[in-house]
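Heads up, there are several structures right after this.
Note that subunit A is present in both complexes that follow, paired respectively with subunit B and with subunit C.
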Partner chain A sequence: MRLTQGTFSFLPDLTDDQIRAQIEYCLEQGWAMSIEYTDDPHPRNTYWEMHGNPMFDLHDAAGVMVELVDARATFPRHYIKVNAFDSTKGIESLRLSFIVHRPDPEPGFTLERHEVEGRHIRYTVRAYATDRPQGERYP
Partner chain B sequence: MTDTAAELDLDGALAETRVEELLTTLDTELVGLVPVKTRIREIAALLLIEKLRAQAALSAGPPSLHMSFTGNPGTGKTTVALRMAEILHRLGYVRKGHLVAVTRDDLVGQYIGHTAPKTKEVLKRAMGGVLFIDEAYFLYRPENERDYGQEAIEILLQVMENQRDDLVVILAGYKDRMERFFGSNPGMSSRIAHHVDFPDYAPDELEAIAGLMLGSMQYRLSADAERAFADYIARRRSQPNFANARSIRNALDRARLRQANRLVARRGSTLSRDDLMTIEADDILASRVFDEDADEARARVGS
Partner chain C sequence: MLVTSLPWRMESQHERSADRYRAGVLKYAQMGYWDPDYEPKETDVLALFRITPQEGVDPQEAAAAVAGESSTATWTVVWTDRLTAADVYRAKAYKVEPVPNSTEQYFAYIAYDIDLFEPGSIANLTASIIGNVFGFKPLKALRLEDMRFPVAYVKTFDGPPTGIVVERERLDKFGRPLLGATTKPKLGLSGRNYGRVVYEALKGGLDFTKDDENINSQPFMHWRDRFGFVMEAVNRASAASGEVKGHYLNVTGATMEDVYERAEFAKELGSVVVMIDLVIGYTAIQSISKWARRNDMLLHLHRAGASTYTRQKNHGISFRVIAKWMRLAGVDHIHAGTVVGKLEGDPNTIRGFYNILREPYNPSDLESGLHFDQDWAGMRKVMPVASGGIHAGQMHQLLTYLGDDVVLQFGGGTIGHPMGIQAGAIANRVALEAMVLARNEGRDIWNEGPDILAAAARTCQPLKAALDTWGEVTFDYTSTDTPDFVPTPTPA
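So, the complex of A and B:
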């Protein structure tokens, strides 16, 4: 099951040239870039791990692409995303965040039904991947 | 592609890049530096031809443009680097054309594991433009074999080699120390295609520079002051720590101080626009440089 999170999530995966063009746009807006990775694809997992330091004052997408190549080599079986942070007063949050690398295959999620009192049902979404410990989730 | 089409293109490419205009301002705004200007023209011509060759489907790959600027202090290395970034941008060799100026402190870390991220961050910031490393020889400290500078040099070399189309590196510094630096880092020397030497300015060039500086600040020298300043330059040049154009700038800044002081002391009388613009001989003759025989100098310029 293909994970859809963040901007462009319903488009096919972006090519490197398309990623570069998006980063170029972000830098033109004066946003700071960062790269994050995780192997816990749960949609409520908002705290991914940082790959390297956030990148401020870049002028060209080449700098981010270097880091991206490095991240892919280090974590070939993780999800990797690129974030653009807008520090403008009053916004101070991510403007753009999109997945640039994903493991293959992606087993997806299971829906767990939890029966509670009065035959009510509570639902939980759980990623198959997280059955295994961190770092071994996508063999 | 036919030959005629290529012939027509040269003028078109020149007009399109507007590089000629940039080279002309370089000629008028930078005094002297003939070898430097020649080299810049050559590089501009090469890139232009490379562009046309690409249009004619002749490929030689982008040339390596890493440079080293050597010369005494104040000979215009940083200024030329700034212009270089703009020229390379106009010719489409670098994508953004900004200049990131750094020294050893910006590249080398303080403890194990600090250097690589620091150097890489600077390199990432410089991508798409020009990285200017001032006093580059400080990166290499042979007396300390555990110095982290070596690590910075290695990362630098790797990026200079592998990402030639992402950034241009310019190393700058004094000539003798740079030569020693290249001597002990042959890898660095061989990756730098252009070694450009900045000669010291002749006295008349320094006067021309002073004229340009004053013009941009909207001041002028009186006729007496001009003679005094020529005298000043001759004396200052023979003193230690002479830093070419930088010394001239400092001298002019101090003359401005004295001029302001002199005008304030004239309280009561009205000042004309002319008074505000003119630096008199006395403003210059009050300099420390004339200390031993100020009276004699005064007599010579007739004030």
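So, the complex of A and C:
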């Protein structure tokens, strides 16, 4: 299973040159970059762990790449994504967010069906990995 | 300037002239509905009409008649005007100018005092502005081209329950257009078969699937059947991809009670979005919008019926006005044109619609048909939906014309794929992501688009098949709804 959250997950994994080009584009727009990681890929897990604060004052793609290399070395068996934040009034949200590192293999999710009254079903999406404690989820 | 608009001053003039209120018939202009010296106030509601007077009718008198019939006037003088601050309540036609390149049409600008309208009511606003006047005999035709709403009036509306920014945050999808598809065939599928199409399309890579405008509760598929099977499909696709997915469940029904019942059931089943048709009416739209706001639900609007009055330039209502009304009324998605697909869409005119829906402030821009400055005063933004005869081979054109904040809906372009529905969805998602990647890298996607798609297709067989099937399909017809002002070509 391939987790397809993020802007470019349907393309082959981006090379570092491709990642750097996207970061350069974001910095040209005046957006702040940040790096986040998780081993809980649930589609509604909004708060991945922050690999440091958003880099509001870093305007050099090479610097962001250094942070990314560090994140990969520290969390080789996690998902890692790069975000671009736009503080323009009326947006004040992410403008781009793409996965740049993923565990291998990715076991994916199961869909639990809880049968309730009548023919109703309550659905729960659950990552196989999150059966294990944080930090031990991907081999 | 302000002094001329004070009621006591005009009233005193009128008192000097008892003739004004003598029983009988006066021209509308003489009754005070034509005032070329009037300076619109910041708090006035402004409307621009395209008028085609009957032969022999003076354009200024025709404009005054429109102002009169859409505000206080009737066909004859009534003394009861004198019980009111009549000059405040009279709408004023303040400018009339010929439409460029037309011999019989005129643009008439009319100002309305804000107190003519009930706060926060599209029904009341429209009952005034388009209530009576479109059948008025001295006019051959009449079209409401544009409106300007003062901030004070904008603030009386709730606007979109979710808006573009929060929709993206809820879906956790950034940096690219969203992808959708309308389930086809639009009529006849059973609930079980219908859910199959939804599952295949969402699992393949689309973010949304959609009920069509006329899918409600028919003998072949009752609404509860559809909702149940569709939500099974949505949840299965979500588990298969790890993404939030949605299906616009059309809750349109015969009565408002039906609409609420269907919406409640959609919520109970965990849907992130419900859908309505424009034909349910403005009051019903505002009601379900408030429901959506209370229930954290995206509200998708299909503009069913709109082309009956928006398409022809001489009579009806421009869609730019409908777009403004719907942003005020409060919907999260609205179909607003594709430029390149099978339905009406001049590029400049469509840009005007998209700007109305997505921008915090619209400066007037005659090339895209925006005749007024419009401040949206922090009101949330509506996600435009591009749907109808579009396919993966047009991705560079769609991204160039429409930008990132749009839902691109490929119905036939997903379901009609030669390798199946999942393959159709994969082709669209890969084409989109490849094009966004290339644009961000600084490539000239308008010219290099076909090469970028061909390169992406080398590692994606479904995209190759899509390009082979539809790559050459275009809908190249002349638009009817085009801007009246075009830039003068400058010599190179």
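As a working rule, the second predicted complex is superposed on the first by the 138 of 139 C-alpha atoms of A that agree within 3 Å, B and C clash if a C-alpha of one lies under 4 Å from a C-alpha of the other, contacts with A are read in each partner's own complex, and residues count from 1 in each chain.
Throughout what follows, contacts are C-beta pairs under 8 Å (C-beta built on N, C-alpha and C of every residue); 3 or more make two chains touch, one makes a residue touch a chain.
Please read these numbers as outputs of a predicted model, since none were measured by experiment.
Of the two partner chains placed by superposition, only subunit C is touched by A:Gln5; subunit B is not. Once the two complexes are laid over each other on the shared chain, residue contacts for A:Asp57 go to subunit B alone; subunit C is not touched.
Ranked by how many residues of subunit A each touches, subunit B and subunit C are led by C. Legend: residue contacts after superposition of the two complexes on their common chain; A:Lys89 is shown touching subunit C, with no touch to subunit B. Shared-chain residue A:Glu67: touches subunit B; no touch with subunit C. Those residues of subunit A that touch subunit C in the complex are listed here as 1, 3-5, 7-12, 14, 18, 21-22, 25-26, 41-44, 46, 83-84, 89-98, 108-111, 119-123, 125, 127. Taken in their complex, subunit C has these residues touching subunit A: 165, 168-169, 172, 174-176, 205, 228, 231-232, 235-236, 238-244, 268-270, 360, 378, 381, 426, 429-430, 433-434, 436-437, 440-442, 456, 459.
The part of subunit B that touches subunit A in the complex is made up of residues 95-96, 98, 117, 120-121, 123-125, 127-129, 163, 166-167.
Here subunit A touches subunit B in the complex through residues 52-53, 55, 57-64, 66-67, going by the rule given at the top.
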